[in-house]
Every structure is written in C-alpha cells, then in structure tokens.
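For reference, the structure is listed below as structure tokens.
Chain naming follows the written order as A, B, C and D, and within any one chain the residues start at number 1.
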C-alpha cells in the first residue's frame, strides 16, 4: 500500500467570522448562508471531502480542541473582527498547524492573528475598494494547487491588494495578480510551519461573489488535497541519548 | 471530481546504466536482474504503479520519444558510463522534464549529464568507498516523500558522500546524512524545472544492497507519487496580444 | 556614490541573559565579563563596528525604544530565563526587526520568545550535554557569512543539537554540523522577516569557550555585516489611490 | 579587518551582442556607443568599480580565459544572435560562474545559452513589442539590490514580458512588473549556482532608452556590489580521507 494515498476522507473545517453576512444586505444577498457555507458546499462536491463550519460567535469560536483534533485542513476567513479572536484559541490553532494540520488563509485574513503568528511578519499590503478588475496569472502551472486551471483567469470586480506584501519569501508562488489600477500582488503562495502546510489565497472580498467562481473553487479544492497532513507530531524538545559511542569525560 | 487525484496508473521508467552488474560478481550477486529490476519490483507492489526498464546499451538507451511520451516519472541510476550517454538523448529527456515528467535521480547520477543539465551547477561532492555507516535523518517529516518513515534510519554500509554538495539551494531538504568518518550530506532534496518535479536521493552504491532496504524502497515509492505530473505543457515563447486596451502609438 | 556601501558605523547591540555567568563558576571562568562582552570585544576589532550590551536584569532588559532605534544589528543569547523576557519588549524587538534591524540569534535562543515569534514555528530540536565534538561543514562557501572560513571547522566540545530542527525552510543553509554521537544539525541558516535579515547560529553553550573560537568570531562578524539594514520602513497597510484610470462605478 | 568589505576594485565586464546598434538607426541613436558603453559609463560613476566591455564579434567574443580571470561580475546583453555564441565560450563562462564570478543577465538574454545553462529551465515567457508602459514594484525593499529605490518606478515604454516565466523558483524575487496590456512579470530575481551569484533583470529592449533611466542604473550598480565574489573555488569532486576512525573492514 502506498503511504501517500489513502481512502480516508479529508476533514475540512471552514472557519468564518460571519459578521458581514448578518449586518450587510449586499453581502447577505451574495452569501445567504455565509461565506463558510458557500466554500463548504463547493468542497463537498469532491468525493472524499467532509466539511464542517465554525464561526466567531460560537463558544470557543467553534474551535474546541476536539474539533481541531478532527480537522485535517482548516480554512480561515476573517476581516472586521480579527481582534475579537481569543489569543488562547489562536495558540491552540497554531499548535495544531505545527503538529501537521493544513491551513488555508483567505483574503483579508492576511491580518488575522493566526496568519500573522504563523508568518512572524507584517503581513501588510496596499488595498483599495473601487472598480478594479483582477486577473490572476498562474506562474507555476504544475503546482498541484494549479491543477486544471487555465494560464490566467479573471474576477471582474474585486478589492485591490497591492505589493509590497509583507510575507516571508514563499516556498512557492503560484499566482500573481494584475489590477486595473496599476498594482500587482502575489495572490497565491505556500509555506510550511512545523508539519503543517499553509496556503494563502487572495480573492474573496465579502461584497463580491468570488467564492462562487469556478476557478476560485477549483483552487480551494486543490489546496485542500495539497494541504492534507501525512503526519501528526506533537512538539517536543527532548534530551537524546547518543547513537554512537562518546568519549569518556576526562 | 478532484483534479489532484486520479485512478490512472503512474507509468514509471527505471533507467539504469546496467554495466556494473555484468562486470562485477559482487554487484551481480546483490542485483542479479540489475539495479533497475530491484527498484521496479519494489515499486510494482504499489497499486497503480506500472514500471518499465530502460538501459544504456539499448538503442537510444531505451529512451525513445515514444517511451518518454508514455512515462510519468523517470528514475535514473548511472555511474561509470555517464559520458557514453548521448547528448541528444539528454536533450530529449531534459525537454520532457520541462514539459512535466517527474525525475528521480539516484546516488552517483549526481554527475550524470541529465542532472547536471537540470541543475546548472557543479553537482560535485566528496566521496569515499570505505567502511562508513550512513544514518539518514528526516529533517522534514511532513514532506510527502517522508511519509511513513521513522525519524532516522540507517544503512549499515554505504559509500560516503560529503558536503559541500554543489547544488542550487533546494526547494525542500528532506534528508541529511551522518557518516561515521565525520561528514554530513543533504541526501534527499527537491527542485522544479519547467513543469517537472525533481528529487535527488543519495543512497545506492552498487556494491551494497541499499535498494533492498525497506526504508529506501518507501522513499522511492513516495517520491514517485510526489513527482507524478499534473500537466504536460510544451515549451513556447509566444508573442501575446494585449488583454487590455493599449494607447495608440504616437 | 554606491548605495550599498557606506562609511557609517554599524551599531551592534549584544543582548545577553547574563545569569549563568553570575551563578556558575565554570561559566564565570570562561566568560568573566559575560558572554555579551566576549562577543562585543571580538566584534569591536572590526573597523566600523560599534557595540553596546544589554542584559535581562536591566530596566526594560536594556532594550528601550531609544536603544533599538540606535541599533542596526541585535545579537541575542538566552537560555534559562526565556520566560522572564517581557512580552512587551519582545513585541518591540519584533517590530524593529520588521522595520529592518538585523538579528543574530545564538544557540539556546532557538527557544527564545523573539526567535519563536519571528519564525512562527516550533523551533524545537534534540539536545545533549555530554562529550560530543562538533564539526561544522560550510555547505555554502560563497555566502557572505562564510567568507574567510575553511571548508569545515571543529569545536572540540559542545552541547549536541540534533535534527529535526523545527524551523521554516531557510532561505540559505550555510552550516551543517556533525556530532560524535550520531546527529546532524542545520547550524547556520538565514531568513528575512519584514525588512530585517535574520541569522541563526548554533554554537555557544555557556560551559564551553565557543565564543573565543576564531572561526566562530569570524562568523559573527560576517553576519553583522550581512545583516546590516539598508532601509527602515515602519509597518503600514494603507489604502492606495489608483495609478491608472479605473472604470466609473455602474 | 572585516572579511566582507575590501578596498579592492570590483572588475565588471559588460558583454553585449552589439549588433542592433550597428544595423538599426533607432537603436544607434539611443545607444551611439553601444548598450555596453551606456551601462559601463553608469557603473564607472561608482568609486571602486572598474569596467571593460566585450562583444560578440571580437575573437572569442572578447571572453578569453584571461578576461574572465580578471572579471568579478559579468553583465550579459544579447538578443538576435544567441545562436552565434560559441558553445565552448558558454562552457567557459559557466565554469567561471560556478567558481564564484557574479553574473547579471539582462532582458532578452533570458534566452541566451549561458542563462539557460545556468537555470536548466525553459526560460520562456510571453512578449509583445507595442505601446505598453512598465511599472516595476519593489516587492523586497530591503534586498541590497533594491537599496535607494522608491516603492515602484515606471518605464514609460518598454517591450512587454509576461508570465509564466520558465525559471526555477528564485531565491529572492525583488521586482514584479505591471504592464498596460494586462500582464505581470517577475522582473528581478536572484539565484546561486556553484559559488556565483546570479541576478536577472528584465528591462532593456534595444529600442527604448531604459539603460539611461536613473532607477535602472541604480539597480545595476546595486547588483554589481551584491554579486561581487567572496571566494574563487575550482570545481573538484575529491576522494576524502575520513576525519574520524572507521571500523576495520571485516
């Protein structure tokens, strides 16, 4: 049996702040069941993917240790309430990523506590809510996250995010975006922290239907398969007995 | 359907110089059907892996365009006859990697024409055939190529390869070896060239039974699954029509 | 005038926990004026390097905003009292690195709050205080931090640190260590966070005279020159006016 | 004395194909003494930089072993006559880079034999000679090659180069370009091969005055200082005596 394929389902938890949808009629019209449900519904079409949702206003933000223990890949969308996410929950999620859980960070979650903790960087960027079009160029077409995509695809209206983006040099840059207003952005990039694979993906401002876009949905599904853990290893910093004979202390 | 899993078989071609086995009784005793057959037999145990062999002394070294067209992942072992490999065949293999074929380069093939062409580097190292033991430490336990491996494993006798190893900074270093005689070596590392994923793996001197080792076999099987292509894209450098209106030339 | 060389001095602050030296006669004998002073004295031999020291038990650990404002490169040694370092000071240092200050992290500071915050990783490893010898192999001889070093050098007695080391894939690995007891370790590696260059260097257990070693001193001096900032840019996440005409909102 | 600064001059050789300037009046008007002389003149303004030129139609393309031996950093511009560059000279330059010589590859030299040999990749891209404007965003403002630059700068008219660019994942991406027609491009990126530091920089189509632009000139000067060698080490693949006792062969 191959160690790299398995028939077990991938358990995805989609975390969403879930505030804009309740406060803003435009957002509610686009995502009547929340951004999380739009994403989860798209993922569930893939055989072998199981989804659950978790949101900010649930107890422990829906991210109990039991939920994280049963999560292979965590997707994170947040924006207006980053500061309301408990530091303790952030530490719990961080620890779980280091053990091996995959993590997909979306759009405005570039400034979420968990992404900033994983990156150790500013995670800052330029932004503009206006009438820009976004064109995503696939700069690494053979990366598993780009499987099945055309050479480029467009989102007719999106918030602009512009460079410099304050991230550690990515392991792989998969997408670079062009914006009408003259900016560029590394829109899809990967890192590893501990045993966890991390993917940041730019699109998804709440006032646009980006998570209903077929190419965006394909990216998210590919990323889930890519980020799936192969190990779960708790942090340890052990004293180690020598494996070879050592000289006797003089 | 997920774009990143498929039920199609992975077609592996194991290329072997196949000279030592015919000239040296020690090597023949360890690999009576050739190094290629030892590797292929281990890979065929994995459902969904199909193997074929190709060797230096076949016409076109067994690597016709038709064979390469039907190859997803090419494994390469060579040592004493690197210079006998035709430059034309090397260019053909190189082009096929750039299109997307995976490539696994073994042991003394660090000085093969194809590895040197892919790396653009010296690919040089220190070496010693003596009585060293090799201990391979898994420095990236969550990489798919390390799936199912212990934290370290040993080969009781192997040729020593020592740093500095003249390779481009790898995308991921997976193994670092410790040798009895005092050296260290980046024994497993990955790169991408064009659309092809490349893995170099150090063990496998012809006078030792390393390709019969269960951990070595697991690494090779994992690497085959990891290197499997998701695209095949021929090289092109096209003139492109603009996607947005351009100013009229003054 | 070249933009990359300058005649201004490099201002180095050497931060030391400075506890072992006061409590342990062995350590005091090796570093009578503290580890910080041994390092600073070696650096001051280089024209154009100015040093100051800062220690845990000073007010604000000696790291007031004014001191950090006047620091180009911060060196950090800590071990037994990581938890006594104030979270506020860690945030202040972190912010200063992101603006551009260079940072050199030594030995047991792999578990310091500041290194863990910069890396976002476990930073864990194996360790052993015994009778190991350490041999550092220079795997990237042309990196500026390796300038003037031989191909390898030895520290006759050091604490062992072993892989797996829980760090993000480094931008460059410069040193890999061999230990008598059978382990290996990525002993010198670089990253960037924000605008700051970061170098981790393994040697320097308090009971051994490693910071009196000529090769170790050369590494530290090289690292100071390498980490010197070329910019200081405060974190900002600004709204940006378009640089090109945007379509009018429909 | 610091090992990383020195008062010796940096010896730069600017290699130019030097054909367009002789055949095309537009190009000749922009670069009356050749592209090489425009670049060299800008570099010579920096104290400590010495320049010489070499061109395709000189014997050995001006790149004798003696010239390369006396070159610290080689700059390369070529376009219409890549195929006329002798394979032997390419091998000579390649070997010199691996020893430690810095290399700066400009614009259409993305398809030069030497860049393709160093990268091992397709080096292909999209292109268009039209009326695009190029805006270069500095995505890594603290890289030494970006010293002294604004956050972005523009070239009012340039040939378009678009992604996907067939290069190995760079060690650092410094510039990403936005083009009017809707494309993006990684316009400045670094790699290391052997002991040589390599920088690719996109601008410089022969029909535009890009090498007279102050920001472009600053990039080139910064790159020369960055690429300066700290070692010269010939390729070797030696048998190594053990540094520790080995078991006696049984």
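Quick notes
In this text, a contact is a pair of C-beta atoms (placed from the backbone, for glycine too) under 8 Å apart; a residue touches a chain by one contact, two chains touch by 3 or more.
Everything quoted here is computed from the prediction, not taken from an experiment.
Note on connectivity: the fewest steps through touching chains from chain B to chain D is 1. Compared with chain C, the chain whose C-alpha mean position is the greatest distance off is B. Comparing the chain pairs C-D and B-C, the larger number of C-beta pairs in contact belongs to C-D.
Inter-chain spacing, taken between the CA centroids of chain B and chain C, is 36 Å. Inter-chain spacing, taken between the CA centroids of chain C and chain D, is 31 Å. Touching of two or more other chains is recorded for residues 135, 140-141, 162, 169, 171-172, 180, 182-183, 192, 194, 243-244 of chain B. Those residues of chain C lying in contact with chain A across their complex are 94, 98, 111, 117-122, 124-128, 130-132, 160, 162, 166, 168-169, 171, 180-183, 191-194, 235-244, 246-249. Listed in rising order, the residues of chain B touching chain A in the complex are 1-5, 46-49, 100, 135, 140-144, 146-148, 171-172, 180, 192, 194-197, 218, 221-222, 225-226, 229-231, 233, 243-244.
Contacts from chain A toward chain D in the complex involve residues 135, 137-141, 151, 162-165, 169, 171-173, 176-179, 182-184, 186.
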